[in-house]
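First subunit A sits with subunit B, and in the next complex the same chain sits with subunit C.
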Partner chain A sequence: MANDPIHQFQITRLVPIEIGGLDLSFTNSSLFMVATVAAAAGFLFLTTANRGLIPSRLQSVSEMSYEFVAAMLRDGAGSQGMRFFPMVFSLFMFVLVANLIGMFPYFFTITSHLIVTFALAMLVVGTVVVYGFWKHGLHFLNLFVPSGVPGILMPLVVMIEVISFLSRPISLSVRLFANMLAGHITLKVFAGFVVSLGSMGALGIGGAILPLAMTVALTGLEFLVAFLQAYVFAVLTCMYLNDALHPGH
Partner chain B sequence: MEGDGSESLKARSQRLDSELLARRKVEPGEGGNREAAKGYALAVKLSSEFIAGVIVGALLGYVFDRFLGTSPWGLIVFLILGFCAGVLNILRSTGAVAQSNPAGWSRTSGRGDDDRK
Partner chain C sequence: MFVVTPAYAQSNPTEGTNSETVAPGGETHGGGAFPPFDSSTYASQLLWLAITFGLFYLFMSRVIVPRIGGILEHRRDRIAQDLDEANRLKEEADAAIAAYEQELAEARKKASAIAETAREKAKAAAEAERTKTEAELNAKMMDAEKSILAIKDKALAEVDTIAEETATDVVKHLLGGSVTKAEVAAAIRAASGK
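So, the complex of A and B:
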């Protein structure tokens, strides 16, 4: 059981709640979502509570994260995109803090569940579709009609464009989910080698140094991936929002 | 005196350049590692783009068949279209194909800002 690399992703019910036949239990996943929101909001609130003109170290971390996301959004969706700043910033902080919290041993990684990342991706694409139709009406559908295509090929191209658009939430969610899942399984497998080799006597302990070194290196890589995936998620959100703002692009 | 100072500055900056260059050459291991990490990220990115296209195609085909009873033709056609969409996704995300530019929209219309790249 201790060596089972999948065990860390198991959902357990902490407070069983059932309403109308629906299982709405408060699980360990829910607990860590609450923890993620509390950590992100608490950090931002506390570090900016007694803000000064000359920022303290933690305050400048908050300001840097703000400026980082703001610059990303301005690059990706133009200055009109800034109206989506609260959403993009919340998404970025949520994914980043969730990934980083998952790096603690024995902690649950909520972004390693496809349904969580898929819900986040659907939120993004839902926003794009709703805002696109609200702002541009049926002109939003021009997104699927490239110019300069011969009439005969048009239905085929439109079909491919529609499928390409529908695949966005899937690729967005699968990318985050796969990275976190694969990373945590790899870590666990290599860490498991350390234990199983270590129990094989003196030679085994000597051999266990290799997977131990690998585990240390992978932990570093995982921190990089945790940050990178939050960044990629936010960048793609900006790109998709750009489509909603300017379907002409 | 002053010329001497700038001479030594130039000499020092040249020495720094050559030392930095040498150090960069000495650390191919780290660079290779970073390359590997970048390649891994790219692999996950591109494969997710492609797989997403195929999955959506298959799903659409399945639903199409389910409601119109055209099994298995909807699945076949939409799988192929999904494959095309996956390839298009990959080409888009690598920048080999530009984002679509819809008919009736000029390159600049509907875009109120010019600070985008």
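So, the complex of A and C:
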């Protein structure tokens, strides 16, 4: 149990709350959601408190993350997409900070749970659908009808487009979830090797160097993945929002 | 699967509080299910995600995004303003340089004009001096010539007297007799063809 690589994903209740038969307890996951939001919001709030004309180092970090997401959104969805900036920025910062906080030993990684990433993905796709229909009405369905396709192929192409659209929330959420899950399991397994080899005497301690080196390397890789997955999530969000803004391909 | 001593085991950091706040047996949801697919935890996760992310979104859109956007815009404005100011100052400097150059050219012209006048004046003065000196020299030369002529005339006049005396002496020595002064003078006059 203790060395079980799955154990780190276990959700435990901290403050049990049950309303109408639904378990709405404040869990370790909730705790780390609060921590993520507090860390991200606190960092952004405190570093920009001076509103320096010449930014301090930490203020530069906040500004860089802002401009990073702004450039991403402008490239992905055009200047009209900037109305979604707060959402994309929130998503990026939330996922990034959640992933990074998950890198601390003993900390819970909220993005390693499919329901969380799926909820975030549904938020994106829901925004796309609602805004698309609100802005373009039924013209939004042009999204599924690419121009310049021969009539006979049209049903097939439309079907493919619909399926690809429907698979978006799944691919968006599973990508993030699976990356975080697999990364943390791998780390745990290699770290487990270190422990179990280390308990086998001098020879084992010598042999434990290899998995230890692997763990160190994987930790570095996981930090990269933590950033990269937040980036990918945000970039895909921008691309999907582009569909809502310009459905006519 | 692995041989692990309890000291190395990773334990959930929340287990301590957990045992205090949660009734026995309710420690984990769903028992042996793979945690991410344990649907009994979904409601709680969704609720808390909605609460935390919702607050986060509100905070971002109300406070952070306007603030950082404002900072960046202010900086952009300030840079544009500074560039304008720099351009203005550069234009001023260019104008000052042009004015200076013009003034310099004028001063040069003036200086050369002054030099020209001075040179002309000096030349005229020199010319006048020269003319005056020449005139003086001419006058002196004329005087000199005049006095030379006078001296010559006088000398020539005296030549006759000397000739008379010499002739008288010569005649006296040669002939032993004496001749009158008037005879000698007549003879000389005849000799000199006068």
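Here, the second predicted complex is superposed on the first by the 249 of 249 C-alpha atoms of A that agree within 3 Å, B and C clash if a C-alpha of one lies under 4 Å from a C-alpha of the other, contacts with A are read in each partner's own complex, and residues count from 1 in each chain.
Basically, contacts are C-beta pairs under 8 Å (C-beta built on N, C-alpha and C of every residue); 3 or more make two chains touch, one makes a residue touch a chain.
Worth saying up front: this structure is predicted, and the values here are computed from it rather than measured.
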First (subunit B), second (subunit C), both or neither touched by A:N142: first
Touched partner set for A:R175, first subunit B, second subunit C, both or neither: first
Subunit B versus subunit C as contact partner of A:M159, first or second or both or neither: first
Touching partner for A:L224 - first (subunit B), second (subunit C), both, neither: first
First (subunit B), second (subunit C), both or neither touched by A:S79: first
Dominant toucher of subunit A (residue count), subunit B or subunit C: C
Subunit B versus subunit C as contact partner of A:S167, first or second or both or neither: first
Subunit C-touching residues of subunit A, taken from the complex the two chains share: 2-3, 6-17, 22-31, 33-34, 36-37, 40-41, 44-45, 48, 51-53, 55, 59, 62-63, 66-67, 85-87, 89-90, 93-94, 105-107, 110, 112-116, 119-120, 177, 181, 188, 192-193, 195-196, 198-200
List of subunit B residues in touch with subunit A within their complex: 37, 41, 44-45, 48-49, 51-53, 55-57, 60, 78, 81-82, 84-86, 88-89, 92, 99-107, 109-113, 115-117
Touch list for subunit C against partner subunit A, complex: 1-6, 8-15, 17-18, 21-23, 26-29, 34-38, 40-50, 52-53, 55-57, 59-61, 63-65, 67-72, 74-75, 78
Subunit B contact footprint on subunit A (complex, rising order): 74-75, 77-80, 136, 142-148, 156, 159-161, 163-164, 166-168, 170-171, 174-175, 178-179, 182, 221, 224-225, 228, 232, 242, 246-249
